Amino acid sequence: MRREIPLILTATVGIVYIISFFIPHRPFGSVETLFSDWILIIAAFAIWLGALNLLRVSADKIYRKKKDWFYALVTILSFFLIAIIGFFFSRGSHFQDVGTSFDYLYRNVYNPLSATMFAILAFFVASASYRAFRARSWEATLLLLAAFFVMLGRVPIGDMISGFLPENIRLSEVATFIMNIPQSAGQRAIMIGIGLGIISTALRLILGIERTYLGGD
Amino acid sequence: METFGLWIAALLTLGIMSFLYKDNPVYKLCESIFIGISAGYWFVSLFWQSMYPRLYLNIRGAVSTLLHEGRISDDRWLYLVAGILGVMMLLRLVPKIGWISRWPLSFIVGSTAGLYFITYLQSNIMNQIRSTIIPIYVPGNLGISISNLIVFVGVFCGLVYFFFSREHKGAFGGAAKVGIWFLMITFGASFGFTVMSRMSLLIGRIDFLFGTWLGLIK
Amino acid sequence: MNFFDKLMKIDRRIIFLFVAAAVILPFFLSIHQKILISPEVQGLYDAFESLPPGSKVMISYDYDPASAPELQPMAVAAMKYCFAKGLKVIILGLWPQGSIQANMAIESALEDSMVKEKNPQYGKDWVNLGYMSGNELVIQRMGTDIPVTFPRDYQGNPVEDLPLMQGIKNFSNVDFIFNLSAGYPGTQEWVQFAADRFHAKLGAGNTAVQAPGMYPYLRAGQLVGLLGGMKGASEFEKLTDFEGKGTKFMLSQSFAHSIIIIFIIIGNLAYFISRGVKKK
Amino acid sequence: MKKTKFIILIIPLILIFFNLSSPQEKPVPLPPTEIKAFDSPNDNGHSISVTWKLSPDDGAGKNNVVAYEILRAESPEGEFEVRGMVPSGENLFDDKGSREKEDKNYLPSHKNYYYKIRAKADNIFSESEVSNPAFAYGQWYHTGKTPVLAGVIIFSIFALTFITLARKGKKLYIRPLPGIEAVDEAVGRATEMGKPILYVLGLGTASDIATIASFTILNRIAKITAEHRTTILVPCYDSVVMAAAQETVRAGYLEAGRPDIYKEENVFFVTSMQFAYVAGVNGLMLREKPATNFYLGKFYAESLLLAETGSIAGSIQISGTDEIAQIPFFIAATDYTLIGEELYAASAYLGKEPVLLGTLKAQDWGKAVVIICLILGALAASFHFQFFLNLFRVQL
């Protein structure tokens, strides 16, 4: 019961999905939309698990007065603030419309936080390339050179430095060449490899060979 | 209200940026607000965008055909299955019968496996083979011949690198080595390329701080 | 530990400081860097230039605030150019936040002195049809009937009341389409549905990440021109003579790329020298 | 005399004048011909296709056709309604209907319809004859997808063969992967330092194969940590993933014979928004200072934010993803990186179960087939054999 039924379910659903890809006739033709709707609904239920888990871990910190319990309190309060506003004070299912309180929070709290976290990447790109881009080996040198050419080739400075060269070997042209030829070749090899890895894992799941996600006993 | 919002946004921006110096109470505060707000955001959106239209409206529609037309045959009843699977997921919270949550889990994994088996076979394998089938020799155009040859060699050697059943030795190892070269160029190029968009984002934030907020930049 | 060893283990915060300086300083400097015009930007500009005053241009805003640093300068320059040249603009968005971005772009365009002279009016010189869900299906429906697809503008006015929308039935009544895109739905869908199926004349502005994927369409002529990232924006600003944020941002971008490259070079020099010292 | 001369002169002038001022007669285009309606192939039975022979005035003749309008009726004499329009030069239209009865656009299966095409020149139309009757019906096999079916069959045969061979006890060789070899060492380091291990499953949901592959690796690593009595922290991005991760880690502890030291609160939910999640995990890294960080699964822009913070915290880092754009950042900032396919192979490597290795062999055979196709394809393309390319064309 505990393991057999889930394994049978995985196999059946997987096979139905594969077969329905080849059959336009109903009901097979609409299996994909139906199943993806179902998954979204399950996820909408599962968010309760996540939210409760978050609240429990935070409440636990406050209750036991662990280090940083104050921040746990802030998390709980912000969670309830946006949840209550989103459910009751923001025009129901039109909660994302411009002008709702939910939208106000989104624009002035969520958006700047998210955009800044994203922008911090720019600094990390600099420190990571300083630390890691060393010409230790031939392979590392290739990586470094490709990055170098593409980075310079994408800004006007690149063409200013290489302005004395004939037009078709200026930095911006070199960058375009790297992007179009060796880059796309490497990319394809990786994509084909990933494709094979994914279909093989998918097959393992359907055959029930790979089943750790179901846990023990 | 808008000015207040602007100040909040600016202070939060600075708070996150302070992380670059080191972990500090202001960052911790921003981090906890961020986690709470975003989890709540997700909680609300999933309800209004999945639970409400896909489950509630479908079932309500099915119930109303039953009541008004007396018809029970309605495809929308199928959504009840999803509702049941969703409730099973929540049964994790009851330790004794928590194992029931494996059912919806295996439903998700099964449909994932089926979907990806097909789509990756088609998009990552078939389509990539198709775009790599190019003439290596194009009469009268040396440039294209050479670039096509480079693409062909790159894909070939790249694939050889990913072989797991043979050690990288001899001619095989040589090809794998060339494959690594191509991969490295790919990674370098894609790194350099991404730098541009990351910098753009930072520039956007600086523009917000100095322009929109402080009004120093016109 | 000698100097080069120290240099190799430099505190990352010093690097951060340099990056910040490289991005911030150009905002306050008035350096002019030579901007070379690439053919795809020239193509877009030529397409705009070939339109006589009074022509109808449709601009689709398919992005959100996350991509605004790259696409907003393009949007502003395009709006200024259209208003100054007396082109009529029809705005819509396939992304929910697109039409808000459009209003922001118009706000900054209206501050320009050349635009002020023309004093463009809503309904007569531009309309904003707002956001419509349905992705590429929206484009497909517009190919048959624009007023049916967008019965009202973003403020809820019926389109038949807007003077600019008189006589606009489908893409054959629109002289040029310009699409600003940060992903799906975006340029690819406009090419497939508006350009391929209804032979609309189409140009686009894309984020730097997305732009390389559009080159096949340029080569095939499905796109008459393309602005890629901030670089494209700055070139377009140069051509239209409306120097704005794209040019300013581009200077920061150039500085930032240079600083990263300088650090990579310093890092490698330090690495080789300190290794050389140790070998002795 | 003068008068007659004047009249003779004036009459043609008047004629010319009237001729000019009368409204210009617009030429009517000839209608399209040979209208054929038939069921649209490869669909669920709610669409009819129409083809026609272009009007002689489309691209030639008077060259004034700008578009074709497609009209449909339930009987040849019935009322025809416009179903759509295609630009001039095109001669195919799919009249796609809805399969929902309530929909205005409903097009039932097995019901006859008649079509007319009219050529449009500005505001003038010329209508064709009525087509043959046609009805829509669903197909049981999509012929355009045959290449994918062939792929499914070939790969499944490889996989089943090698799984059978492995079950029979045949030894299958696989070459060592550096990232995998480092796992034991990394866990050992954490034990020595008395610090936890951080395992990040990435931003994938349970509907991502990369995440599911990562579960298997998590299971093995949880088992090793249970044996060493080292703490493993798993912050999760998705609630369903959290549920599965809890099961996975518990199973690992069970296999190690230590279910007593499993702590469910160590596998916890953070939030489902990308950068908020990063902010949370970054804070965790700086405060807990884990000895080893694993990043295995789906990663997007946050890859470098995590990996650089991990390096600030001084952790050893092992990463792997199938997001190509993020691999360079992992290579730059972490100690070992599993590139693309290697991530999927890793679960088989760590498991050392013969059946899992069997599918790895099938992957290699798949690669061999791809390489052969590429070589043949390059030759065929060089000699202009188009048919070979079409073998891989999938129609949707």
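Labels for the chains are A, B, C and D, by order of writing; each one numbers its residues from 1.
The rule we apply is simple: a residue touches a chain if its C-beta (ideal position, glycine included) is under 8 Å from a C-beta of that chain, and two chains touch if they have at least 3 such contacts.
All values derive from a computational prediction rather than experimental measurement.
Asks: If you count the C-beta pairs in contact for each pair of chains, which pair comes out on top?
Replies: The largest set of C-beta contacts joins the chains A-B.
Asks: Measuring centre to centre with C-alpha atoms, which chain is farthest from chain D?
Replies: C
Asks: I'd like to verify one number: the distance from the centre of chain A to the centre of chain D, where each centre is the average of its C-alpha atoms, in whole angstrom.
Replies: So the centre of chain A lies 15 Å away from the centre of chain D.
Asks: Taking the mean of the CA coordinates per chain, how far is chain B from chain C in Å?
Replies: Distance between chain centres: 24 Å.
Asks: In whole angstrom, how far does the Cα centroid of chain A sit from the Cα centroid of chain B?
Replies: 3
Asks: In whole angstrom, what separates the CA-based centres of chain C and chain D?
Replies: A distance of 26 Å separates the two centres.
Asks: Can you list every residue of chain B that touches 2 or more other chains, as numbers and ranges?
Replies: Expected reply: 16, 19-20, 28, 30-31, 34-35, 37-39, 41-42, 89, 92, 102, 105, 108-109, 111-113, 115-118, 121, 125, 129, 132, 152, 155, 159, 162, 183, 186-188, 190-191, 193-196, 198-199, 201-202, 204.
Asks: Where in chain D do residues touch at least two different other chains?
Replies: 148, 152, 155, 206-207, 209, 212, 240, 243-244, 247, 269-273, 275-276, 279, 287, 301, 324, 327-329, 331-332, 339-341, 345, 360, 363, 366-367, 370
Asks: Which positions in chain C are in touch with at least two other chains?
Replies: As it turns out, chain C has residues touching two or more other chains at 12, 16, 19, 23, 66, 208, 212, 229, 253, 256-257, 260.
Asks: Would you tell me which residues of chain C are touching chain B in their complex?
Replies: Touching chain B: residues 13, 16, 19, 23-24, 27-28, 66, 68-70, 207-209, 212, 229-230, 245, 248-249, 252-253, 256-257, 260 of chain C.
Asks: Which stretch or stretches of chain A touch chain C in the complex?
Replies: Going through chain A, the ones touching chain C are 96, 98, 111, 115, 118, 122-123, 125-127, 129-131, 133-136, 144, 147-148, 151-152, 154-157, 159-160, 172, 179-180.
Asks: What residues of chain D sit close enough to touch chain A in their complex?
Replies: Going by the criterion above, the answer is residues 42-45, 99, 138-142, 145, 148-149, 152, 155-156, 159, 163, 205-207, 209-210, 212-213, 215-216, 218-219, 236, 238-240, 242-244, 246-248, 250-251, 254-255, 265, 268-276, 278-279, 287, 301, 304-305, 307-308, 311, 322, 324, 327-329, 331-333, 339-341, 343-345, 347, 353, 355-356, 359-360, 362-363, 366-367, 370.
Asks: Can you list the residues on chain B that touch chain C in the complex?
Replies: The touching residues are 20-21, 193-197, 199-204, 206-207, 210, 216-217.
Asks: Which positions of chain C touch chain A when the two form their complex?
Replies: Residue list for chain C touching chain A: 10, 12, 15-16, 18-20, 23, 33-36, 38, 65-66, 96, 100, 208, 212, 215, 229, 231, 234, 250, 253-254, 256-261, 263-264, 266-268, 271-272.
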